[in-house]
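My questions will all concern the structure given below.
Chain nomenclature is as follows: A, B, C, D, E and F, assigned in order of appearance, with residue numbering initiated at 1 for each chain independently.
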C-alpha cells in the first residue's frame, strides 16, 4: 500500500479526476491548501500600500493505492495536471502499512 | 367608500394635510416591507450554515403568501364590518380590495395604502413564527400554514384590537368594548407570533441534537445586518402606526429609538453579570426585545417611560431565552423568549406607564388606577390563549395530513441541500467538484 | 424656470400640497439611490468569489459616472425641449442643471429634485447591463461605456417615453405622439437594459468555461440582502414615479408589492414542477421578475391585474433564463431573461390589463380594444431594436479601440485580483502569507 | 414650549406645511438611525475577522449610550439657552426632554423630533471615533467614554455651531457671533470625530504588528454593504438638515449625491495613477470622503460646486490615509484620513465655493471676498483643537483609571473571543469542536 | 512511531473524540477535507440546470502515536465513526521516523 | 527523501518562513487545521449557555526535503515557532519514496 500525495492547481482537479477515473481510481481525499514556492501570488494593494501575496491556492489530493497502480496514477496526474507554467505542483509517494474501511472494517486492498 | 378606521384616525388631527400624512405612510409602508428581508437576514444568520437559505425562504415565502391572502380576503376579515360580537369582520366587504381601488376624495390617506400597510403587519407576524421551527420543516407545508394562519388567526386578532368603531362601522371587541391599548401590535403581532411559535415548536418537536450541540449562529455579521434593517424598519411599524406625520408619530419615533437602546444595554448587563461576557448576539437580541416591548406602548408613554420599558424587556427577555433549555421546548430562534415575553412586557406595562401627556389615559404609576392594567391583562391573555390553541391545532392537522416536519436524514444533511438543492456559500478557490447533467443523465 | 414635465404632472392633482409631495419624492429618490448598492450586492452574490468586487465596482462606477454625465448633459437631452421629431432633447437647455438651482415658487416639487430622481433611473439602467458581461471586462472601458451609453442610448429613450408635452414644451414621440403607457420604466429601464445586455454579451463573447462549469452564485446570502434592498428601493422607483404623495402613488405601491409576491410564487412553482426543488435563488429572481414587469404597469392596473402580471412574469422569466444555455449567449447574470423578458411582459400586458379605474384607458381584457396593445408593442419593439443596435455598436467600437474584454489568463485568475489587486474575503486564522513592500522593492 | 431653533428655521420658509415637513424629518431621522448599523457593517468589514463583532458592538454601544445620555442631558446642553459666552447650553432646561413631550401647536415640526434627529448626529459622531482604536479597546470603558465624550465634547460643539439665536433664545458662538456656515456637521460631526480619533489613537498606541502585517479588511462585501447603507442614510443626514421638504432639501440632496460620486471617481483615479490599480475599498472610501466633505456644504453650494468638493475630498483623502504609515500613528480605520481631512476640506471650501444662488453668501470664487473663508477657518480650527485636547485628556484618564486598552495576549488572540466569547463566522461542515458546559463544570 | 490518518464523517468527530479520550489519547490534528468516493453528494440546481456535487465534506484526523497504541486507536475510531452507510471513510497507518514537541524540543514518545 | 510535517501556531508562520528561507528552503505546502491537545480554546457563550471550544486554529506545514537537510529544517522550525507556551505544536518526519515535479516530470532532488 502506498499513499500518493499530489499538490496541484485548483482548476486542474476536474481534469485529474477524469484521468483517474479512466484508470478505475474512484476514491480520493481533497484538501484546500496554500502553496509556497517559485510561483508568486499577485500583489494586493491596501490603502496605497502594496503587499506580495506569498501563498497561492492549491488543492492537495491524497490517494491510498496498491503498489502496482502507483506508477499509472502518478502518470495520470502528471499529464492531466501539467500546464507547463511554474506552479503546477508536486507529487510524492510514501509507504502505508495498513488501511481499513470504516464502514465494514475490511482491510488491505479490499478497503480502498 | 370610506374606511371607517381612517375616518376615526382623521378625527385625531383634523388640521393635518393629506399629502404630508400620506407621504409618511408611504415611507412607513416601505420601511415595514424592509422588515421582511431584514428578518430573513436576522434569522438566517442565527441558524447553522446548512439551513440559512431555507430560513430566508420561509420568511420571503410568508411575505408572498400572506400578501396575496391579505389582498384577497385577509384585510376584509380584519377591517370589514363586524359580523359577530367583535370577533370577525365581513370577508366579502373588501374582497380583493374591492372598493379601495378608486380614489376617495374624502379620505385623509388613501384607503388602499392603509390596507396594505396593515397587510405588512400580517406578513411580519407570520414570518416571525418561522424562527421557532427552524431547520426542520417542509417548505410547501409552511406556505400552506402561512395562508391558513393568516385567515384563521392573524386577521381575527387584528380585527379585535386594530379595528376601531366609527360612524357606520362596528369594529373589534378589544379595541372598542374592552378598551385595551395597543399602538402598533403588542397583542396582534408580538404575543400572537410568540404564542404561535411556542405551539408550533411543541407540536413539531425538537431539532436533532437539541441541548447537546451548540447550534450557534453561523454568521453573526448577518445577524447584525438583519438587526440593523429591522430597527430601521421598526420606525415605519411604530411611528407609521400614527397614520400621519404628526406629533404622535414623532413621539412614537423617539420612544422606539429609546427603548431599543435601553433594551440593548439591559440585555448586555444581564449577560455581563451572569456569564462574564457581553455578546454581540446579546446586543442584537436586546435591541429587538426593547423594540418588541415598545411596539404596543410607543404611542402612550413618555421617553422616560420608554426607557423603563426597554430596560424591563431587555433584562426579562435575556433571562427568558434560557427557559427553553430548562423546560425542554426547542423554540429555535427564541420567538417565545423575545416576542412572546417582550410582547407581554410591553402590553402589560402600558397599564403602569401610560401617560396622559401622550395618550388618553394614565397608567398605575401615573396615578391612573388599576383599570387600564386589567384591560391590558385581558387583551394579552386572550391573544395568548387563542393563538396558542389555534396554532397547535393547525400545525397538528398539517403534520398529520401533508407532513410538516422533514425526515431525520434530511434534517441532519441540512434542509438547504435537501429541500432547495442549494448551498449558501461557495467561497473556495477549488471551484471544481460538481458536474453538470448533460443530456439525459 | 419651469420644468414642463412637472407642470404637466402638477395638473393631475392640483390640490396636492407641495411639501407633502416633495417629502415623498425626496424619500423616493433616496430609495432609488439605495437600489445601486442593492444591485451591487445582488449581482455581487451571484458571481464567483473571484470577481465579486469587480461586479460591485461596475455598479458603483456606473452610479458615479452616470450621475456626473446626467448632471452635465444627460438630463437636458432627456427633458430639454425637443430638437427633432420627438427623438432628442436640447442638450444646452439644462446644461450642468442650469436654471434649476434657484427655487421656483411655482413648481409643485423642486425641479432639481425631479432632475436627480430621473438621473437615478439612468444609473440603475446602466448598472443593470453589467450583469450580462460579468467576470470578463476591463473596468476603465466599462466607465467609458457608462458615459457614452447614457448620452447616446439612455437619455434619448428617456426623452421618448418620459418627457411629456406641456405648455411651451415639446417632449418625446412615444409618450406624446404614440401614446404608449410606461409608468416607471418598462421601456427606458427594463427593455433598454435587457436589450443592451444581450448585445454586449454577444459582442464580448462567453466566459471561459461557460456551459461546462456551474458558475453558481458564490454567496446566496448576499443575493438575498441585495434582493431585499432592491425591493425596498423599488417602492421609490415605482410609487415615486407618481411624483407626489397621492392615491396614485398608493396604487403603484400596492401593485409593486403584490406583483413581487406573485412573481416569487410563480417562479418557485415552475422550479418545483420542472426541477423538483424550489430554490432561494429562484425566490429572489422571481420577486425581481415581478417587480420588473410591474414597473411600467404599476400606475395603470388594479391589484388583481398586478397579481396576474406578477404570475406571468415569474413564470415566463423562470423559463426564459434557461434560454442562454440553449442559444449559447453568455448573459451571465440573466439580464436578458429577467429584465428584457420581464420588461416586455409588463409593457405588453398593459395593453391587456390597464384599467380605467386607475389609468385613463382600458386594456383589451377590460373592454378597451386592441388600440393600446398596439401602442405598447410599438414602444417595446422600438426600444428593443434601438438599444440592441446602438449597444452592439458601442461595445464593438470600445473593444476594437480601448479593449473591453480582459485577457484569458486574467479572467481565469479572477478579475478581482488582477484588475483591483484585492480579494473579497479573508476569513482565515492564518493571517500570514503576505509581505508588505518596504522601501523600493 | 417652543424650540427656538425650530422657530428660526420655520422663518426660512413660512409657507411650508407642517405635515409635509414633518414627514420628511421623520424619514430623515430614520435614515440617520440606519447610519449606525451602516457604520457598524462598514467598519466591521474593515477589521480582521477576529474583531469584527467587537467593532460592531462599539458602534451599537455608542448608539445606545449616546441616545440615553442625549435624552437625559445632552440635548439640553446643546440646544438649551446659552449659559455663558455661547459655549454651553443650560443642562436643566430640557432635562429628560421635559417640555417637549406635549404637542406644541405652534411648532412647524414637533420639537421632540428635532431633538432626537439631533441626537442621532451625536450618535454617529461618537461611533465614528471607534474606528481609530479598533481591535484593542475594552468594551466597558468604551461605553463610559461614549457617555463622557457626549457631555463634555459633542454637546458643547453642537451648541456652538447648530444652536441658532432666536427670539428669547441665545445660541452658540460659532453659528451666531462668528457666522461660520456648517449645514449638516462638517465641524461638530466630521472634524470633531476625526480629531478625537487622532487623539484616542495616539494615547492608546498602535495595534500589535502595525506597519508589519497588512491588517487588511477581512470582508470587503461587508464594507460595500455598509458603504451603501451609509450613503443612503446620508440623505437623511444632509437633506434632513434642511428641516423641511423644501427646495433647500432638494439642493442638499442633489449635492450629496453628486459629491459622493465625484469623491469616488477622484479616489479611484489617485489609486490608478499611484498604485496601478483602482480598488473596491478605494471606491467605498472615496464615496464616503465626498459625502464627508459635502456635509457642511451641501446647503450652500451648487451642484457644480459639489462636484468640485467631491473631487477635492476624494483626491486629498486618498493621499491622506497613507500618512499614518509615514507618521506612525495607528488610526486603524482611517477616521483621521477620511473624516478629519474630509471635514476640513468641506468646511474650508465653503469659503471658496458658497454661492448666493443657494445660501446667503458668496464664497471667494463666486466673488465673495475672504470674509467667509476666515470664518470657516476659525470654526474648523477651534473644533479641531478643542476636540483633540479634550479627547486626549478623557482617554488618558480612562486608561489610567479603568484601563482602556486590552492586554497584549487578548489583542493577539482577538477581542471577539476574549471580550465577547464569540466568533463571527462558523461556515464549516464540521460543526463539532465545542462542548457544552453541563451541570456546574 | 506511527501516523494514523482517518477520514470520517464530520458529525462523527465528537464520538471519535470521546472514544479516544477513553484510551488516553488527547492530542490530534483535524483538517476539513472533501471526500470523493462511492458516496455521492446531493444534486444542486442552478437556473434550472442540475449539477451533481461530486465531493462530500469529511474530516481528516491525524494522530501520531506509539506503535503499541496503534491497534487500539484504530479500533476506537472504527467503532465510534461507523454508521454502516456508504461514505464512513478510511483509516490508514504510515511510518514516522521522528517526532518532536515544538515548545520543549522533546523527542520520541515524550513529544506526543 | 523525507516529508517533514509541522503543526504550529498560525501567527508564527511568518517567522518560520523567514527561518527556512535562510536555509534555502523555498517550497512548502500549508493547510489550515484545527488542533486538539493540551492547549484549550476559549469559552464561547451563546444565549447564556457556555461552550468550551475544544479546537484551536493551527497551521500545518509540509515540506518534502532531502535527507541531509532534515535536521536543519527541524531545528529552524523549532526555534522560529516556539513561544514556550502550551500549544506550540509538533514536528514529525516520515519517509518518502519518490517525488516528482508536475510541470516537468523531473524526479528526485531535482523535483523539490
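The rule is short, and it goes like this: a residue touches a chain if its C-beta (ideal position, glycine included) is under 8 Å from a C-beta of that chain, and two chains touch if they have at least 3 such contacts.
This structure is a prediction, so every number in the text was calculated from the model and none was measured.
A.B. asks: Can you tell me the least number of steps between chain A and chain E, where a step is a move to a chain it touches?
C.D. replies: Graph distance in the chain contact network comes out at 1.
A.B. asks: Please state whether the interface between chain A and chain F is built from the same residues or different ones, using more than half shared residue numbers as the mark of same.
C.D. replies: Looking at both copies, the contact residues mostly diverge.
A.B. asks: Could you let me know which interface, B-F or D-F, is made of more C-beta pairs in contact?
C.D. replies: Comparing D-F with B-F, the pair joined by more C-beta contacts is D-F.
A.B. asks: Just curious, how far off is chain E from chain C if you go by their C-alpha centres, in Å?
C.D. replies: Chain centres of chain C and chain E, defined by C-alpha means, are spaced 51 Å apart.
A.B. asks: Counting only Cα atoms for the centres, state how far chain B is from chain C in Å.
C.D. replies: 32
A.B. asks: Distance-wise, how many Å sit between the C-alpha centres of chain A and chain C, to the nearest whole number?
C.D. replies: Here the centre of chain C sits 46 Å away from the centre of chain A.
A.B. asks: Among the residues of chain B, which are close enough to touch at least two other chains?
C.D. replies: 17, 19-21, 23-24, 27, 214, 216-217, 219, 225, 229, 245, 275-277, 279, 281, 421-423, 425, 427-431, 433-434, 436
A.B. asks: Going by the touch rule set out above, which residues of chain F reach two or more other chains?
C.D. replies: 11, 17, 30-32, 34, 44-46, 49-51, 54-55, 94-95
A.B. asks: Under the stated contact criterion, what part of chain C meets chain E in this complex?
C.D. replies: My answer: residues 214, 216-217, 271, 274-277, 279, 281, 318, 321-322, 325, 334.
A.B. asks: If you look only at chain C, which of its residues touch chain D in the complex?
C.D. replies: 17-24, 26-27, 29-30, 33-34, 36-38, 40-41, 44, 52-54, 56-57, 60-61, 63-65, 67-68, 71, 96-97, 101-104, 109-110, 112-113, 115-116, 119-120, 139-140, 219, 222, 225, 229, 245, 416, 419-429, 431, 434, 436
A.B. asks: Help me check something: in the complex, which residues belonging to chain B touch chain D?
C.D. replies: Going by the criterion above, the answer is residues 16-17, 19-21, 23-24, 27, 31, 48-50, 212-214, 216-221, 224-225, 227-229, 231-232, 235-236, 239, 244-251, 253-254, 257-258, 260-262, 264-265, 268, 272, 275-281, 283-284, 287, 302-304, 307, 355, 357-358, 425, 427.
A.B. asks: Under the stated contact criterion, what part of chain E meets chain A in this complex?
C.D. replies: 2, 6-8, 31-38, 54-55, 58, 60, 74, 77-78, 81-95
A.B. asks: Using the touch definition from the top, list the residues of chain F that touch chain D in their complex.
C.D. replies: Residue positions touching the partner: 11, 34, 42-46, 49-55.
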